[in-house]
Amino acid sequence: MNATTYDVVIVGAGIVGAACADEFARRGMRVAVVDRDMVGSDATAAGMGHIVVMDDSEAQFALTRYSQQLWQALRRELPQDVEYDQCGTIWVAADEEEMAEVRRKHDYYALRGVPTSVLDSQALQRLEPNLRDGMAGGLLVAEDAVLYPPCAARFLMERAQKLGAQLRLGAPVTQIGEGRVRLSDGVEIAGGMIVNAAGAGAPELTRGVEIKKRKGHLVITDRYPGYLRHQLVELGYLKSAHSVTSDSVAFNVQPRRTGQILIGSSRQYGAEHRDVDQAMLARMLQRAQEYMPGLGRMSAVRTWTGFRAATPDKLPLIGPWPGDKSLFLATGHEGLGITTSLATARILVDQITGVRPEIPIEPYLPSRAVKEVAHA
Amino acid sequence: MMDRNRDSQRRFDVLVIGAGPAGMAAAVRAAERGGRVGIVDDNATCGGQIWRGAEDDHDPDSKAWGSRLRNADITKLLGMRVFHQPEPGVLLAEGTDDVCELRYTNLVVATGARERFLPFPGWTLSNVMGAGGLQVMVKSGLPVRGKRVVVAGTGPLLLAVAAYLRKQGAEIPILCEQASWASLARFGIGLLGRPGKLVQGLQLKKELAEIPFAANSWPIAAHGGQVLESVTISRGGKTEVIACDFLACGFHLVPNVELQSLLGCQIGGGYVQVDEFQQTSVQGVFCAGEPTGIGGVELALVEGQIAGLAAVGEKSAAQKLFGERRKARRFARMLDRAFRLRSELRSLPSAETIVCRCEDVPYSRLQDHRSWRAAKLHSRCGMGPCQGRVCGPATQFLFQWNPDSVRPPVFPARVGSLGRVVRGS
Amino acid sequence: MRDSGSGTVTLSVNGSPVSVPAGATVAVAMAIAGQACRTSVSGEPRGPLCGMGICFECRVSINGTPHCRSCQILCEPGMEVRTDG
């Protein structure tokens, strides 16, 4: 690996790094990818693997929608173990106030060509009989999907490798920049471009990148096929994801292809250790049982935690890093890394190769954050 | 709104986890000094794996300790399984319909051991079971009279199981022990220094006399349609096919250290590290029996007593047992040496042989991974409800993978139990 | 088994009645009935391996509750046990 100078060296073999490797390789560039662990580790291994459109902002919508469509186009090529399943999402409304939000979302998506259906209380019960009685209704987003991220990352990486991309695992990266990536074992890899796709670890490699770890908990059950048909999210999820400072939980469950139920979600700032936090876990599971009481009797087989990479404005960092002509970022995806990985890779490589990106890239440019710092 | 905290809270000065010989001994000795002592086990009765069933009621040790336990002021929480430590000094345990918060000042973890299973072609066929596994089934009512049972694997458990099955009327065409004659001879000679063990052996001798015994022998494959029909074994460099109804196959024992690991106890070489008073690296947490080293009932009983006494501060009483423990530990070391697994066993699985039974992951999907974690994330090996208790030791032997760090629940538990809100004391 | 000869227990295994000695576990009932406890992910019939509740191969559905480890559960009269469930 030492002798070659690559066109691009990607730091991080998670879903974003793998998607970038795949995209760069498909455009004919010589690619190297490095990761201290394995393909699809860290947040990629820990996350829920959902592919969802979100309407928090125009920029978030544009990126998630674009990327969701890229996943849809890719679905037939995905191997079995990626477990791609277009089960759809239902945003669950517990009361009339939340139903108003359902209607607002419906209109928002309708204007933008995303098919959704407003469900009243009965329709919701029919679709998901195991939700507790008394829900006001919900919004069905039928084109949302779930998949199993480590295998998706592996699939993308293998595609890149078939086109000549080189993968080096096992040594942590100590330094990046100015066309070089230095590993802890002394190896230096030269690249015309360096992409920092190191997720929550990105700030360690590029000083000034404003990313904070946002810890999450997850629980997975034994197999209960047919119990849950769609991904379910409470509308309070948005309040949870919005909050910049407090610890929060939100009802979010997902049916896996295996028939297991994946239960989330929680968000914490400032928690640096990986240990399961019983107080958070209990809050999250209590919340889940409030929406789906039947979960309480199910066998929970595993719990784990992970760190999302969160930016101050909740949009990822995709594009050149000011101050180093060789350095680019593809990181800061918070809870939307799986969803937006494909679009991230597309717009990054489009920018670099002079192809007009499908969506405006300004909202995600790293220079937006740096500009703000300069003005402060 | 569900009252999620209606389930019980209990408080103990000494809480013992596991009601096998070590746990029973610890609880009894701790209770002699007064104070609140509790013992928890997921089985319906005490005795663990080794003291199960009517005939064990006549075993003098089982009888004695069972009686002492019954007569002592000890809270027995049976049919409850510990799955989490939500905060120091508190354990969560689950029963069929309830969940319990167990608060303790001192803890004795005596979680015993389980059989080691190694994969080979056909091992997932019905009627292929562990050696201890088949024995438990027969003790629980499975008829084996007139049935042919091949016993295979390694370890003294095979002898006990073969003798027991023979008494229940099974025909044992062969007992295949993978250890070499030399290893077994050394073990046998070593037993001369342990008269109690030798007597035990002689008692077994009658039952074992008519069982063909082969050292340097192991199963190659199990065959059958819906159920087991025959087993191919390797013996003296040759293979033989033996028609049979059951295969009782286990490769010695693996210590149950998951809870101790969750509690932060130092684990070395797969065993819980303890000082001379059986205290782990965590203050107030003691460990006794198989998790500190596979050593059988006698060692478990003396370690349990030391742990129980130390847990209530009776250090000089505990010290009086050190000599007995030293003797019992010699047996443990002999066991370890005699029944080491030979490398040929690594070649038993074929590419299609299932290694992870919960998720049906074959050998071929595992061999290229560098670590347990990578294999788990990419093949699902170890993601099932057994949490790697079966495939973990197997892959450790096959690929030298080290297990992951332990997270709650250390045993599958209901979502409702896992989500219990634990109020501060 | 605690005290054989004191009677039998009759339960339903996959819809058919099975009689077992009192004190027998559900896993034993499945074996006596010649029924697999569960079907594995790849479709293999499976039954108990460890006999002590750690391998999860003996899981059956009892009275509608799935994932019950049958090797640790005593048979009760009238129990409805199903493979997989």
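Labels A, B and C are assigned to the chains in the order they are written; within every chain, residues are numbered from 1.
Everything that follows uses one rule, which is that a contact is a pair of C-beta atoms (placed from the backbone, for glycine too) under 8 Å apart; a residue touches a chain by one contact, two chains touch by 3 or more.
Remember, predicted model here, so these are calculated numbers, not experimental data.
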{"item": "Which of A-C and B-C has more C-beta pairs touching across its chains", "value": "B-C"}
{"item": "Core chain by centroid distance, with centroids computed from Cα atoms only", "value": "B"}
{"item": "Chain A-chain B separation of Cα centroids, rounded to whole Å", "value": "41"}
{"item": "Euclidean distance of C-alpha centroids - chain A vs chain C, Å", "value": "43"}
{"item": "Distance between chain centroids, defined by C-alpha means - chain B, chain C (Å)", "value": "22"}
{"item": "Shared-contact residues (touching 2 or more other chains) in chain C", "value": "41, 67"}
{"item": "Interface hub residues of chain A, defined as touching at least two other chains", "value": "222, 297, 299"}
{"item": "Residue numbers of chain B (touch at least two other chains)", "value": "384-385"}
{"item": "Residue ranges of chain C in contact with chain A within the complex", "value": "41, 65-67"}
{"item": "Footprint of chain B on chain C - complex, ascending", "value": "1-4, 20-21, 23-25, 27-28, 31-32, 36, 40-42, 44-57, 59, 67, 71-72, 74"}
{"item": "In the complex with chain C, residue positions of chain B that touch it", "value": "42-44, 49, 53-54, 114-115, 117, 124, 126-130, 132-137, 139-143, 226, 354, 357-360, 384-386, 389-390"}
{"item": "Chain A - residues contacting chain B, complex", "value": "38, 40-41, 45, 81, 150-151, 154, 170, 219, 221-222, 263, 276, 278-279, 281-286, 288-289, 293, 295-304"}
{"item": "Chain B residues within the chain A interface of the complex", "value": "2, 4, 84, 86-87, 370-371, 373-374, 377-380, 383-385, 387, 407-409, 412-416, 418-422"}
